[in-house]
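See structure below.
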């Protein structure tokens, strides 16, 4: 009898890779610091997907835990990052990263 | 369900540091009206001192705890002491500086303590989670510290850049960890290594890819080319005391984790990473040194120089023998003294509303502030690798490790680079001693704490240059069992 | 007394030190005593030693005294040591003797000079060095004296250093001498190393000469030629003679002592000293003889047109030195030394006489501004006259004997040749001509003296005239110690020097058969035989030639003073060529001095500044440029930084990929 | 030999440092006190160094007054000091010249006297240390330590116009060469470690090592580059004229007198005995460079308009002799070479002193600004003349003995070298005398020169020791040669033994030890 | 058969959710308005949460929804609003070569990751902590591990959050 194969882990991992890459591209191209940051969050998120996938298919709990910590860290980073954006906006009236180049060379 | 064994003695120094961090926060709340926050600095110093004392008592024993996630071995001990020294000096130079720049918040000291905690965890973690969390604790604290001078556009910009790129790099690091996890099913460094060895996973593409990502992630922290580009901007913009902290502490922590991960978990990949790191080391040294030549801001110049120093340390990393790794430890400690010392001089030469961070500003101070200039000269020469200063001995070990492994060209490129570096270090001394001042710098106020830091840094630099034996044998003992 | 040979150089050294340190403090009186008496004591010592020496049988007339080890390095060992033998003592006598008289003369001559103490300091130093040269028992110490006298010559030529011409001349003398020394030093090296190959590491004369037969002829020839280059420098032979005429910038007694009587003869002395070596190298001897005779006639010709009295004497000195070299070159070492001795007397005298004339004329040197001084300064005239006769080779005076000896040997010696004799004889005639030209222009004819000067022309003081008279006396009788056998004399000089120079001659004969060239040379000499009649004939011929020279001089400068001018205009080109000394100085200037200067400048500006520093600065510039360019990458934009990170990551990944493929 | 329980060589190294520390506590306004204290320190240092000369056992080639302690034990780096016939004389030269340098800086240095004196004493420590160190790392440390005070001396107290350029050039040139040496030292260390299992940087131990010839070339190259820059040999010499010219008088004196010797000393102590086969094979190259240096230095020197530059280029020429003699590899050559090192220190040192004295008076060094000084400064003229003559190697002065032996040595080893180098004798006389003539002779053309004061007592006191040395060394060289005979003989014996054997075999010494 | 249907259903959910999440992330990157971007981010997070459930990680899925989608993105939106950036930030993309090349390079990265994960299935050690009980009772299982093995990192996270909080406060606080 034909059995539908279970979803292979590779697919999840490829999806994670796609999301990660999109995140990287976004982080590289978007001008708005907040959007850049969101793209980075996307990257972290895709890593989490990888972790969970591995965890699932290796039958090990560590990946889940790691993902948990990543989320916590992402939250912390978000708090600090947004505070920095606020501060930046106050001092520069913009959060376009391609206008922030006082420091160079 | 088995409750975990909790051995608090094992993490006693970390606990002390964390506790004092909270204590400082608390005290600050109760005495929030006080303008002068220097007392918080003193409290921090006490904490750091205690932590250090506790760390020293652990010397000699190797104990693992918390489900094997944390280890108190010689390696951890060496780095703990290094970080605590860095923190100690940073706090010392901060007390006057924060007051002057209006960033004297209680949180400032607390964050330094927390960052130190993060660093210590990075060095002592044997589980990738600990290393990751330590790294984040450190990084987030420093994102904040870098942006402390909220009124200063540069400081804010530095914080932004550091934050965005730091988070970006974290993404890569995490992906690397995920791939390791996927390939080996473990996050314990030792287990990773043994699994790789047992299953012969040396050609596993996932692990190779993770090697790439880890290189990016750690390369960012240690500021190696091409992941270095944030360094000059952030070092320039951040408050000077934090720059000193970053340049020494973060770099040291980055190396501590890099070495731990690569040598404990991925030793089998040495042939793979060697040539990449070779290239990175050369590029890092060269770019750092060459670009430093044309800088006009001393903080920026020191930033490039710190990139170059990362390159030198990578030379030892490439060599990868016990000589090299102990050389890395020695180098980081020596670098801590000389670099913080140099930044202390930068701080001392500024005053409120007048940072005097242009190299031009150093013209003619040589005979006006003779001791300050002499100290600066010592630090610069030490960084240039002139004996008998700590920097020389550090380079000596690093290059000897390379020579031992027959990386002759690497060593030659390294020493040639250090000859080039002499030029820009000398340029500062040229200005200090050989030129007449363009404008008078007067009314400098030397905070006693910063002066104390300066003295300590001088002593440290000289000590490590003239009597390197003790520190070196300490470093050599420290790496036992690492590899 | 032999033990005390070191006293001979010591006295002048003491004089030098005393004058040097105390001269300025203690004044002229002190200097006037110390200077001459130091030399006088040396002279006395030399006389004592001389008499002791001749008291011994000829074979035992040799003594060496080592003072201390000097340079000792491995198998190289030289000492400060002096030796006494007939040659050195004879030279010492001449040097100290003549020096003594000239010192005394100088007391008068230099009396009003502000540099009086300095002058005597230098002069004493000179004598010290000269005695080292002469008495040394090894090549190296000889070289010390050799260079030392060069130094004193330099100092004394440039004595009036405020005059550019004087300091230039001094420098020129030193440098040209150094060129010669270059040869000398190489000669020493070659000698040392080639003897060393036979296990004899030495530069001591005795040992060198005793073992000289171990050397192969080619080496000896090279050594002797190199040494002769040294002699050329010191004794002003072609092509290194150019410094001597300029050296006349020094005070006249200096010219007399150093540049006529003593120092310039060092080369001759050296060749005579090394006669053993030279005798083994016929080619070198031929070269010495040819250079000598060529110099003799060449500089004699220049002497024709000189108007400066000291220049005339200078060229005459060079010419006479040529004779001496001719003598030693044909193997007649004792003849050379004999001429050296008589020349010291009469040439010293001539210079002193010229000095006396200058003294009378307030420093005038140009003979065209003299004339008819005969009556006004009679002592000077008579002594000058005697010396002129002597140098012209008029029989009965010292010059006749010594010069004739050389001429005869040039003709008859186994190394001699008819042509050598001929040229030398012609040169002798020329000498007679220009010497008498000088005599006539100075002392005879119409007075052309500047009227301002004319009225206080006066004879020199006693202190100057007495030495003149003594030297005149010596110029007359000096020759009688070497009257040749053919004239019934005993030729004492020859006999006396035989133990030193005889051995070489014999050795030379042993070697003579080897070289074809020397056989060719020898043929004519042997064909002539040694007949007394021939010798006498030659003598007569040379006297006749000399008389012809005198006659022409008389014709030109007394009888018909307009004639020289006519002739000069007739052959203007030739005249100017000779008058300008064949433009040799100018040639050297272009060839050596200017080319070296431009080479120096070229290397400095071109190589040092442009190539080396250019490279260095270029690298620095390159690094600076790189620095400036690379820093532009740091745009300050976060995303560029992130881009760099990605790029780095991709490169690393690519590397692993490629590595994986080729693994 | 110890003084107060401290061995004498350590005394020599650290006494000046102690002096520098003492100076720190003297008020910088009290210029006279600073000068006197420094002078006293340097004098005592000189006096301490004298017993070395007399207690030195000249019959043995072994190192003497040896001190050997661990410095970095785990690496085999030791604090090992000792002197032999070669370094003995250079140490004495150093202490001797330092005293004179302090004396000649008496009036010349009027601002920042304290710092100046401290730098000088510091420099002395570095120099002595480099000369007595027998451990490669220790040597390297002192070698680099010398740079800094010298750099400051040039940069702070130098001639305002180009001092910075000169100081940096000096530093970078030296540094560029020496860092490669460091790599070579390390390579040598590991080769030895592998071969013998002994972790050591002790040169005496490393001498015994047999190294494959190919490796020797590389290592010798690195060492030679460092030393050649310091010497300086021909194409690496361009830092010297600048450094010499811009440095203050005492700086030039010490630079010429001692620092340059570090290069030649390095060759004879390290580069040659460590890598004898390579040294032997590269002999033609080094000799050629040395000869080019001799002639080139002389020619360029001739055309210099600036007195100090002239003397500087003459140093290039003189040190060419030193190198040539050393690479003659025979007794005369090597001894002459060592002797010439001393001579150059004395003669060129004196020349700089003399130029400095006139510079102090006129504040110009251009030859064209002078002329006829003999008239107004007769005493000066005498000293100048003596020193000039010593520099051109007139017999009876020190210069002659050295030059003669070197030329003799070179001639023995290769006639062509000897002949070519001997031409330097002519050129030497030409440029020195021409310079002397232009400065001292002729009429006084500039009115400023008419009222120049002759030397004062202090200046005469400074110069007299030099003149005494010039003659002493010229007339009785045995005094000095006897000290180095045994050492040089042994040096050559060992060298020849090594060259005759195959490269990668250990030295005869080592074989003898193995046999035991 | 039932299993087959279940698996098929899983496939359908997976493909659908994967498609939506990719689409959402693409829109996140391309929308000009940051608010829109934020919303697409939420969408993406929700999709991923679904995938977590597919992978039997209910706990993380909950966290994902609550913390990520709920808290973090709301915070982001809040900040965007607070700063009133809407108009100012509509500037979208600005072309530059580095961005273009960087995009391509990122694709290379993707290829690398793709190759890494596709070439070999995960080789890691198969653990034992996923029991059938755990799968159904995921939250409990996670809790147990978290408070035993991962207690220490958990404590560290607490400090990390304090740091973040303190930092956020001090940075965004207006100067007195």
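Per-chain residue numbering starts at 1, and chain names A, B, C, D and E are given in the order in which the chains are listed.
Throughout what follows, a contact is a pair of C-beta atoms (placed from the backbone, for glycine too) under 8 Å apart; a residue touches a chain by one contact, two chains touch by 3 or more.
Not measured: the values here are computed from a predicted model.
S.K.: Counting one step for each move to a touching chain, how far apart are chain B and chain D?
M.R.: 1
S.K.: If you take the chains that touch chain C and keep only those that also touch chain D, what is left?
M.R.: Common neighbours, chain C/chain D: B.
S.K.: So which chain is the furthest away from chain A, centre to centre on CA atoms?
M.R.: Farthest by centroid: C.
S.K.: Which chain pair racks up the highest number of C-beta contacts?
M.R.: Maximum number of inter-chain contact pairs occurs for A-E.
S.K.: On a C-alpha centroid basis, what's the spacing between chain A and chain C, in Å?
M.R.: 98
S.K.: How many Å are there between the centre of chain B and the centre of chain E, using C-alpha atoms for each centre?
M.R.: Using C-alpha averages as centres, the distance is 31 Å.
S.K.: Could you put a whole-Å number on the gap between the CA centroids of chain D and chain E?
M.R.: The separation of the two C-alpha centroids amounts to 71 Å.
S.K.: State, to the nearest whole Å, the distance from the C-alpha centre of chain A to the C-alpha centre of chain B.
M.R.: Here chain A and chain B have centroids separated by 27 Å.
S.K.: Would you please write down the residue numbers of chain E that are in contact with two or more other chains?
M.R.: Only 98-99, 102, 106, 109, 112-113, 117, 122, 124-127, 149-150, 153, 157, 160, 163-164, 167, 169, 171 qualify.
S.K.: Mark out which residues of chain C touch at least two other chains, giving numbers and ranges.
M.R.: 631, 634, 636, 638-640, 642-643, 646-647, 649, 653
S.K.: Name the residues of chain D that each touch 2 or more other chains.
M.R.: Residues of chain D never touch two or more of the other chains.
S.K.: Chain pairs that touch, all of them, please.
M.R.: A-B, A-C, A-E, B-C, B-D, B-E, C-D, C-E
S.K.: Enumerate the contact residues on chain B facing chain E in the complex.
M.R.: Listed in rising order, the residues are 1-4, 6, 11, 18, 21-22, 25, 66-67, 69-70, 105, 107, 110-111, 114, 117, 121, 127, 129-130, 133-134, 136-137, 140-141, 143-144, 147-148, 150-151, 159, 175, 179, 181-186, 191, 195, 199, 201, 204-206, 208-209, 212.
S.K.: What residues of chain C sit close enough to touch chain B in their complex?
M.R.: 623-624, 626-628, 630-631, 633-634, 636, 638, 640-642, 644-645, 647-649, 652-653, 655-656, 659-660, 663
S.K.: Which bits of chain E are touching chain A when the two form their complex?
M.R.: 3-4, 7-8, 10-11, 14, 18, 21-22, 25-26, 28-29, 34, 37-38, 41, 44-45, 48, 51-52, 54-57, 59-60, 63-64, 67-68, 71-73, 75-76, 79-80, 82-83, 85, 88-89, 91-94, 98-99, 102-103, 106-107, 109-110, 113-114, 117-118, 121-122, 124-130, 134, 141-142, 145-146, 149-150, 153, 157, 160-161, 163-165, 167-169, 171-172, 174
S.K.: Of all residues in chain C, which touch chain A in the complex?
M.R.: So the residues of chain C touching chain A come out as 631-632, 634-639, 642-643, 646.
S.K.: State the interface residues of chain B toward chain A in the complex, per the touch definition above.
M.R.: Within the complex, chain B contacts chain A at residues 128-129, 132-133, 136, 140, 143-144, 147, 150-154, 156-161, 163-164, 167-168, 170-171, 174-175, 177-179, 181-182, 185-187, 232-234, 236-237.
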